[in-house]
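Structures incoming, each one as structure tokens.
The following pair of complexes shares a single chain, chain A, combined with chain B in the former and chain C in the latter.
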Partner chain A sequence: MFGYSMEDVGNIVVMQGFSGLSLFSVLLLMALGLAIIFGQMGVINMAHGEFMTVGAYTTVFLSKMAVEFDIVNSYFIFAIIAAFILAFFIGYFVEYALIRHLYKRPLDTLLATWGLSLVMQQIFRSTFGAKEVSAELPEWLLGSFKPTPDIDIPINGVFVMGLALIVTVGVYLFMFRSRGGLRIRATVQNRMMAGAVGINTQKVDRLTFALGCGIAGVAGAAFTTIASTGPTTGSLYIVDSFMVVVFGGAASLMGTIASAFGIAQAQSILQFFMTSSMGKVSTLMTIVIILMMRPEGLFASKVRK
Partner chain B sequence: MFEVVDLHVSYGQSEVIHGLSFKAEKNETLAIMGRNGMGKTTLFKSLMGILPSHATKAEIDGDSVNEIQTYQRVAKGLAYVPQGRMIFPAMTVQENIETGLENSTSSEIPEDIYALFPVLYDMRKRKGGNLSGGQQQQLAIARALVTNPKVLLLDEPTEGIQPSIIKDIANVLNDIRKMREITIIVSEQVLSFTMAVADRIIVIDKGRFIHEDLREDVDAEKIKGYLSV
Partner chain C sequence: MSNIDKNQFVKKSMVLSALSLALSLPIYVDTSVAGDFPTAKVNTTGLSVTDDVVKVGILHSATGTMAISETGSIQAEKLAIAQINEAGGVLGRKIEVIQEDGASDWPTFAEKSKKLLENDKVAAVFGCWTSASRKAALPVFEKDNGLLFYPTFYEGLEQSKNVFYTGQEATQQILAGLDWIAKEKKAKTFYLIGSDYIWPRTSMKIARKHIEQHLGGTVVGEEYVALGDTQFGSVINKIKLEKPDVIYAAVVGGSNVAWFKQLNAAGLNAKKQNMLTISVTEDEVLGIGGENLEGFYSAMKYFQSLKNSNNDKFVAEFKKAYGEKAVIGDVTQAAYLGPWLWKAAVERAGSFDVDKAVAALPGYELTTAPEGYVKVDPNHHLLSKLRIGQWRKDGQADMVYESGLINPDPFPKGYQ
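On to the complex of A and B.
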């Protein structure tokens, strides 16, 4: 096949498959935040990528601090937490100042958040410069496993995957096992009725939006381990993330995971055998066809409405 | 005691509720009857703060529920079972009831709720959206009851429900009043149901109360006259 031996093809599939898994992890983290905001609240947040960038810059900034104080090996966990908190509070403020006035006008939220993303990109550019920057990674994140002489599995990829797994489980437990999650789901399903059983829906909206942004911040922190950060980093991922959410079926956590996995793997493996744009085109075509047959996405839950 | 004085509700420029006043005592069931489009649902929604309204006074046991947000009214003792039930379809029965525990100190559903609605216990793991109409109605009542209300508002609880279940719902409402001694206000078009639960009947027509009777004094023919088109 394409001039490779069978063994080569096997190795390529494993390595590309693994790089697909890293992409899957970042996409999943992005899409989780977006699934909460778009899937649950119906807000099309075009600035979601910029919240990821906030997390990435936070990590880069903390890594510079860590180099000065010589704590490079231990700062990363704190960077993830800081990225979450910072993105969370910026999200909280954005909901208060902008989004809450636009709940009944979805197209206006799209424009407003797109404008917000441009503003944020320019703020990044003015503050950190147009050049891409990288975080100083702790030593334990560098290097790779070699299960066989021909296969390289980078450790940072494994780390990002582990992080995505932890965050996914955390989001699941929050949404389906906690009072906060119950409030969010009730508000999403029937805003008026949620108010009439005693839920403060405005507060729920604010926290939901902030939570989605916070998770995007974590995605940003994870992102710094596999690539460098620039002002427009987030906008590169926003389209793919929306694709993941829509394809998976809004408001379905399992759907989000499955579709993030499918899209990341398809792109990663196809891009090796075809050109990068052909890989994207074939993935997109498949998604369009599947969505024509299942308009509500892969895993829409079936109940009487 | 629930007291409302001079309640006005408007949709844009046109006023649809023209200065209603009423009192309902503790342990009393009050029925508001009227044809479609006479303002029953509008009245209930405005009492819950879902629709903007203007009243001189709206209070429960002297505690004002006037001009505050819906969730704050719930905390002060109003509970609402809307027309069409509006349970949360994608949540399990148990989760549906738990949404009403917002102001409760416990996170567990009180046992008397399942005693009142045994069918909900059997179905507690099912999605609310997959229940029958009558079961959904019971679920909506259970959800309202766990908020521990002083005043329970039910908007057309018999709408779209088969006659045998309507009797069950009437029994449940009477049980609730016996157990909790709360005020129940129910809007209705079915006179037999009203006669089975209400102590007092008020007829609403074009946003005004036009007739009031204690149950003992009700002239069924006269009320039917008000309800027929």
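On to the complex of A and C.
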């Protein structure tokens, strides 16, 4: 087939399939936190990427400590947890200090969080320096897994995939199977009624925002396995995150998953058959056309307006 | 950081003034130099030159995305200027630096150039890094007849009376490197990959022509990825399918790190795959991580590990000023040449006037450059050598090849 042996083509199909799934999990991790904040609260959080960067720098920082104490092989799991906690509390504070004053002015949150993202970028630059840094990765995250001699499955890809699965299931269980999730959904559906039955809606808002930020922190920690960390790393991810959330339909978790899957597969396959930039252009064009026909995204929200 | 180095320079200059008290004669001779060149004579165009001080500008991005790359250049230029001042300055005048921030925003580079040239009347500017920032500032330099020393290796196709290019232009960096890898690795098939903007695209155009017309090889793939893109899965699979003898890469910025990490994770390391890159210097290795680069090759005119007495001294002074962990990449070294070349130009001309300095510089041979001998060509670029370094795990390179001096050729015939 086209001068390549059948075996070659078979191997590539396997690896290409994996690369699509790997991109899917990256997009999903990026978008989940935003889906919670934007989808559930209607807050356009332009600083989402910077919360990922918080997670990434946490990981890098802990990896430096780990090298000193010679625990490189085990620190990574703790780094992810620490990234979640730190981003969660920063998010909690940001909601308290900034976001809650702007709930009635959704467009102003856009400007305020964008300003926040610039402030955070400059803080990163002053604290960690302008140069990009990489986390020291444990041995077990490096290299590839070989089911046959000619197929390489990158282990970091598998790791990100596993993490995306855990976080997604965790978010699903929290939103639909716990009292906390019930309160969030109640507040989203009808704030007045939720308040009337005794839900502290302000507290719910704060926790929702912090949860979204915490998940962004986890995503940032995971991405240190595939890319480097710099003060402006977050701005690389913000466009993709919004694309996934808006395309999926803002208020729907299923929509986010479906849209991340669709975009990842389209992009990965198109990039294989066209050049990399043309693949990306075609994907974006398709999204634009679909959004023109379905402005509410793939999965329409079921909230009463 | 700037505080530390300032302190060190203060200390140095205190030591120096103590010395000058003890041995007042040589310093006295030094300062008398200014007397031999009265200001009215050496400055006929209204530049900011007094009997004791001459002002120059440094214009790089200290903030924004490009700060990562440009910080090294700022440090090198300041180091060179401090050393020149210690040695008595230029025509007996101390150099005073006015530093402006281009903020990684190309129109800002034009505005700040205008400010430096029209308000501050600086005698020379050391600055710009990306081609885009240089292209933005160039009209200002040409209109106000300023003088710019530009440090980055770049795509060529430019030659301005008002600019000296201290980095390599594309053919200097590309041709000898491709010749070497084609011979050394008996490479016939090449896969070209770069970031999607002017420098990689122009470079790859030259590389493709050279591979097809002069090396008798074939290009089995040519790929450009968006700046900042971090997903290389599909591209790597394409490379695996094509199995090229050599990957020729010019990926920059954050993408660069993702590219090498994912390549390694996909099992394409130096044991299985040859790669020659023209976009990785010691600065980039910090972010990419030596373990992801180990065994791959870079084509540059300078590596920090270069062994010669000029470079030993330069590396030691640089580390003294900016810390033991500081690394020096190709562009940082080229930026360091700028102030020295300007000093030579002014002294050969016996004048700070831009026209006279520009006319005096071509033909000058700088023997104290860390990269070794360089010579200024009439086309305002430098004659320099090309080196191939093979990366080690610790982030330094082993030199595996050194070319002879290569003439700069910014408008290569047959490659456009």
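Heads up, the rule we're going with is that the second predicted complex is superposed on the first by the 276 of 305 C-alpha atoms of A that agree within 3 Å, B and C clash if a C-alpha of one lies under 4 Å from a C-alpha of the other, contacts with A are read in each partner's own complex, and residues count from 1 in each chain.
Basically, a residue touches a chain if its C-beta (ideal position, glycine included) is under 8 Å from a C-beta of that chain, and two chains touch if they have at least 3 such contacts.
The model shown is predicted, which means the values in this text are computed figures rather than measured ones.
Once the two complexes are laid over each other on the shared chain, residue contacts for A:15 go to chain C alone; chain B is not touched.
Contact comparison for chain A: of chain B and chain C, C touches the greater number of residues. By the document's definition of touching, neither partner reaches A:256: not chain B, not chain C. Using the contact criterion defined above for the overlaid structures, shared-chain residue A:201 touches chain B, although it does not reach chain C. Shared-chain residue A:157: touches chain C; no touch with chain B. Overlap of the chain B and chain C interfaces on chain A comprises no residues. Those residues of chain B lying in contact with chain A across their complex are 48-50, 69-71, 74-75, 79-80, 82, 86-91, 95, 98-100, 102-103, 107, 127-130, 143-144, 147. Taken together, the chain A residues at the contact with chain C in this complex read 4, 8-9, 11-12, 15-16, 18-20, 22-23, 26, 122, 125, 130-134, 142-144, 146, 152, 154-157, 223, 225-228, 230, 232-233, 236, 267-269, 271-272, 275-277, 279-280.
Taken together, the chain A residues at the contact with chain B in this complex read 179, 182-183, 185-186, 189-190, 192-201, 251, 301, 303-305. Those residues of chain C whose C-beta lies close enough to touch chain A in the complex are 63-65, 67-68, 71, 196, 222-226, 228-231, 233-238, 240-241, 254, 257-258, 261-262, 264-267, 283, 286-289, 291.
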